[in-house]
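The block underneath contains the structure these notes are about, expressed in C-alpha cells.
Order of writing sets the chain letters: A, B and C. Residues in each chain are counted from 1.
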Amino acid sequence: MAEARAIMVRTGPRLWLSGSWLILMALAAIFAPVIVPHDPLAQDLMLGKLPPAWISGSEPGYLLGTDSLGRDVLSRLISAARPAFIVAIGAGLAACLLGSALGLLSGFFGGWTDRVISRIVDIWMAFPPVLLSILLVAFFNPSLTSVILAIAIIDWTRFCRVVRAETMQQRRMDYVESARAMGLSRMATLLKEVLPNVLPAITVLLSLEMGIAVIVEAILSYVNLSVSTDQATWGSMIAEGRGIIYQAWWVLLFPMIALFLTVLAFSQFGEGLKERFDPVLR
Amino acid sequence: MADALFTVEKLHLSLPDMTKKPLLGAAPRIEILKGLSFTLEEGAITGIVGESGSGKTSLGRTLIRLLKPDSGRIVFTGREIGTLSDDDLQPLRRDLQIIFQDPFSSLNPRKTVGAIISAPLALHGLANSRQRVAEALRQVGLPEGFASRYPHELSGGQRQRVGIARAVALKPRFILADEIVSGLDVSSQAQILDLLMTLRAQMNFTMAFISHDLSVVRRLCDRVIVMRQGEIVEDADTAALFDRPQHAYTRLLRDCIPLPEVSHGWLKES
Amino acid sequence: MTAPYLTIASLSVALKQGGRLLRSVSLTVHPGEVHALVGESGAGKSMIARAVFGILPRAVDVVEGHVMLAGQDLARLPEGARRLYIGKRAAFIPQDPLTALNPAKRIEQQICDRLIHILGMKKAEARARALALLAEVKIAEPERVMRLYPHELSGGMRQRVLIASAFSAEPRLIVADEPTTALDVTVQKQILGLIADMQARHGTGLLFITHNLGVVAKLCQSATVLYAGKVVEQAPVTELFARPEHAYTRALMAATPRYDRPEDSLKPASPELIAELAREVALTDAAWARRPAHG
C-alpha cells in the first residue's frame, strides 16, 4: 500500500494529465461509433450552423453546435480522433523503428555502415519534406495508409540522426568495452547494453513524432489530400470552419483545441515517461 | 620460479591517427608499441608504469585482446592469442578480465549492480547467479542489498568495488587493472589497494596494474615494468627498481614524486 | 606581523533547505605566503575557493562569517563592484587546463582579454605583456604559441598558459585548485617549480588546494586540513608533518603512498576512525543548532 502511494507521489502531474487526455482520445477513437450522440455523417440542412449549447439559438442535443451541413460538431470531433490516432501510432512507430534501427547500426558499428547510412540520410533530407509528402500522397490513392507512409518516409531521418548521435556517445563509455571484454558479441552489446541507454531519447522522440504526425495529417486533410471519404478529420473540419468563421466560429475552434491538446499531450507524455521510468533520474 | 602466465615477444601495435586522415584513403598510423618483450609470472602483480603517451593503456588492452597487435607473439597459458579471431577468443575471455579507471562510465547506468555483476556469469554459462553475485559483493566489502541499486546511487569508491566484483566474479586467471585508483581520494585509494591485496591472497590471480603513479605500485606490485613512448625502459623486481633504478628515466620518475617530507629546496632541484 | 591579505572568518555556507557544507571555516593567507588547503573530495575545498571569488552556487547561502580580501568584507560590496574588486586583486588557476581555456579563442586573445578588461590596457600594451608573461613561464617561442588554439598545446603547456594568465594582472592572491593533478609526475614537478618561482618573484600570496600531502610538504609554508567542511587542523607545515595532532591528519598521512616506507603507507582508515569523525561533525552541528538566535 505504501509502495503504491509512493509510486503515485513520484509520478508527476505531467504524466497523469497528458496520459489522461491521450486515454480519453484513445477511447474516443476506439468507441466512436458507439458513443457519438449523432451520426457524424448525417446531414440536416435545417439544422445547419447551430451554435453550441450555452449560446442562445442552439438546439438541445447538439452540444458543440453543427456545421454548415447540419452535422453535429461533437460527434465529428469524437470520430475524428480515430484517423488522428491511427496516423499518430502508425506513422510514429514506422518512422521510429526504421530510423532508430539505422541510427543504432550506424552509430555503433561506424565505418562503412555509418558512411553509407549517413550519406543516405543527408541525401534524403535534401528533399523538401512537404513537397515530398504531397507528391507521395498524390501518387498513391489518398488514404490513411498513404498518409502514414508519407510521414514515415520523411521523418525517419530525424530518428536516425538523433539515435546515431546518442549511440556514438554511449559507444565511447567503458561499460561497452567491458561487455566486449566479457565476450559479448557486438550485436548483443548493442542490443543489451547500449539500447537501454538510448531508449530514453527514442521515447521522447517517438512521442514528439506522434504529435507531429497528427499535425501533418491535419495539414494534409486541410488540403484534401488525406482520406477521401466523408470520414471526419480535425484537419478537414478546420478547413471547413475557416470558410464560415464569421457565421459559425465553433466549427473551427473545437477541432483546433482538440488538435492542440492532443499534440501537447503526446509530447508531454514522452517526457513524463522518461521522468517516471528512467532509473538514472530517480 | 613460477610459470609465466603471459609471454610477450616483440609486440608491435599501431593505431590510425584520425586527426591526419586524408579525404580519401586510410589515415597514417602511429606506432604505439614498438616491439615489447616481457613475461608476467603467474600469481604475481606486475605494475606497468609510464607517463601519458607511454603506451601503457594500449599495452593492457592488447594483452587481453581488446586490441589486435600488428605483429609479435602473445602467449597466454601456453597458447598464442595474438592472432586469434574474436570467436576463438570467446572461451578465453573468462580468464581475461579488466577493471576500468573511470567508475562513472564503466558501469552501465541503466542496469542494477546485480545485473552488472551477473552478466558475465550468465554469458559463460555459470549457474547460481544470485549466490555468486552475493558472494562477489561480500568479497569486495559491499552489503548484499547493493545488488538492487543503480550505479548513480553509489559513491566513486563503491562503484570501483563493483567493478572489481564484476571482474572477480568469474574467478579469472588474469585481471588487468587499468589506472583503477587514479581518480580516487587518498583514503579510497588505500582501501581499494588493500582490497586488491586481500583478494589476491584469497584467489591467487595474476594481475597487471597500470598506473602513472609510481608511488602506488611500491606496496602493491611484485614487479614493475617502466614504459616510455612505446618501449620498455626497465623491467625489474619492485624493491630493486626503487632502491637501485638502472635507467635514468626510472630514476627521474622516482625523483619527481614529492614525498610527504618537508623540503622547500626540492622544487629547485632539476 | 603584516595583516593577512585573505581572511576567511568562521565561514559557514549551507544549502537552502539543508545542512551546512562549510562549518565555521577560518583561515588566513598573508601576503607572499603559500598556504595549503588540504582535504579529500567533498570536504568543501572548492566551495571555499568559490566563496573567495564570490561565485557560490545559487542553491547555497552564507549563513555565518565573512570573507575579507585586503581588508574589505566582500559581502558589503554590491555585485558589480565586488567583481571588479576581486578581479584586480585575486586570480584563479584551475585544475583542468583544457576546459578552462576557451577552445574557440587563440591563446593571445585569452590572455589579452583579461588585461584589457581588468587593467584597461590598450591592445598593443596587452600583447607585449602577454609575450613577456609567456616567456616568464618558460614557454619557448612565445610568438608562435600566441597564435595557437588550446587544443594544439600539450597539457603542461596549457597549464603554463593558465599560470601566465593568472599572474597577468599582478594579483596579490592566487587560488590554485589542484593545478597539477591532471599532469604527469615529471610535468608536475616542473609546474610546481614554476608556480613557486613566480610566486616568490611577484610576492603573491597563494592558497593552494590539494589532496596530495607530498605537494604540501614541498611547496607550502602553512596548511589547513579540511574534513566535511570543517577545519580539523591548522599549522605551519613543518609542525603539521612533525607532530600531526588530529586523528584525520594522521590517517591521511598513513594512507598516503610512500615509496621509501612502503609498509608505513597506504593504510586505509579504520571504521572506528570514520565513526569517530562522524561523531565529531555531529557534535559540531549540534552546537551550531543550539547557538543563540541573532537578528
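The rule we apply is simple: contacts are C-beta pairs under 8 Å (C-beta built on N, C-alpha and C of every residue); 3 or more make two chains touch, one makes a residue touch a chain.
All values reported here derive from a predicted model rather than from experimental measurement.
Please find the path from chain A to chain C through touching chains that uses the fewest steps, and give that number.
Contact-graph shortest path, chain A to chain C, evaluates to 2.
Select, from B-C and A-B, the pair of chains that is joined by more C-beta pairs in contact.
Top pair by contacting C-beta pairs is B-C.
Measuring between Cα centroids, which chain is at the maximum distance from chain C?
Relative to chain C, the chain with the farthest C-alpha centre is A.
Nearest whole angstrom, what separates the Cα centre of chain A from the Cα centre of chain C?
53
What whole-Å value do you get for the distance between chain B and chain C if each is reduced to the mean of its CA atoms?
Computed value for the inter-centroid distance: 32 Å.
So what's the Cα centroid distance for chain A and chain B, whole Å?
Chain centres of chain A and chain B, defined by C-alpha means, are spaced 49 Å apart.
Would you pull the chain B residues touching chain A in the complex into a rising list?
For chain B paired with chain A, touching residues are 64, 66, 89-91, 93-94, 96-98, 100-102, 105-111, 119-120, 123-124, 150, 152, 166.
Looking at the complex, which residues from chain B come into contact with chain C?
Contacts found on chain B: 51-52, 156, 185-191, 193-194, 212-216, 218-220, 242, 252-254, 256-264, 266-268.
How about chain A: which of its residues touch chain B in the complex?
It is residues 172-175, 177-184, 193, 196-197, 199, 278-280, 282 of chain A that touch chain B.
Under the touch definition given earlier, write down the residues of chain C that touch chain B in their complex.
Interface residues on chain C, with respect to chain B: 40-41, 155, 184-189, 192-193, 196, 211-219, 237-238, 241, 251-253, 255-260, 262-263, 265-269.
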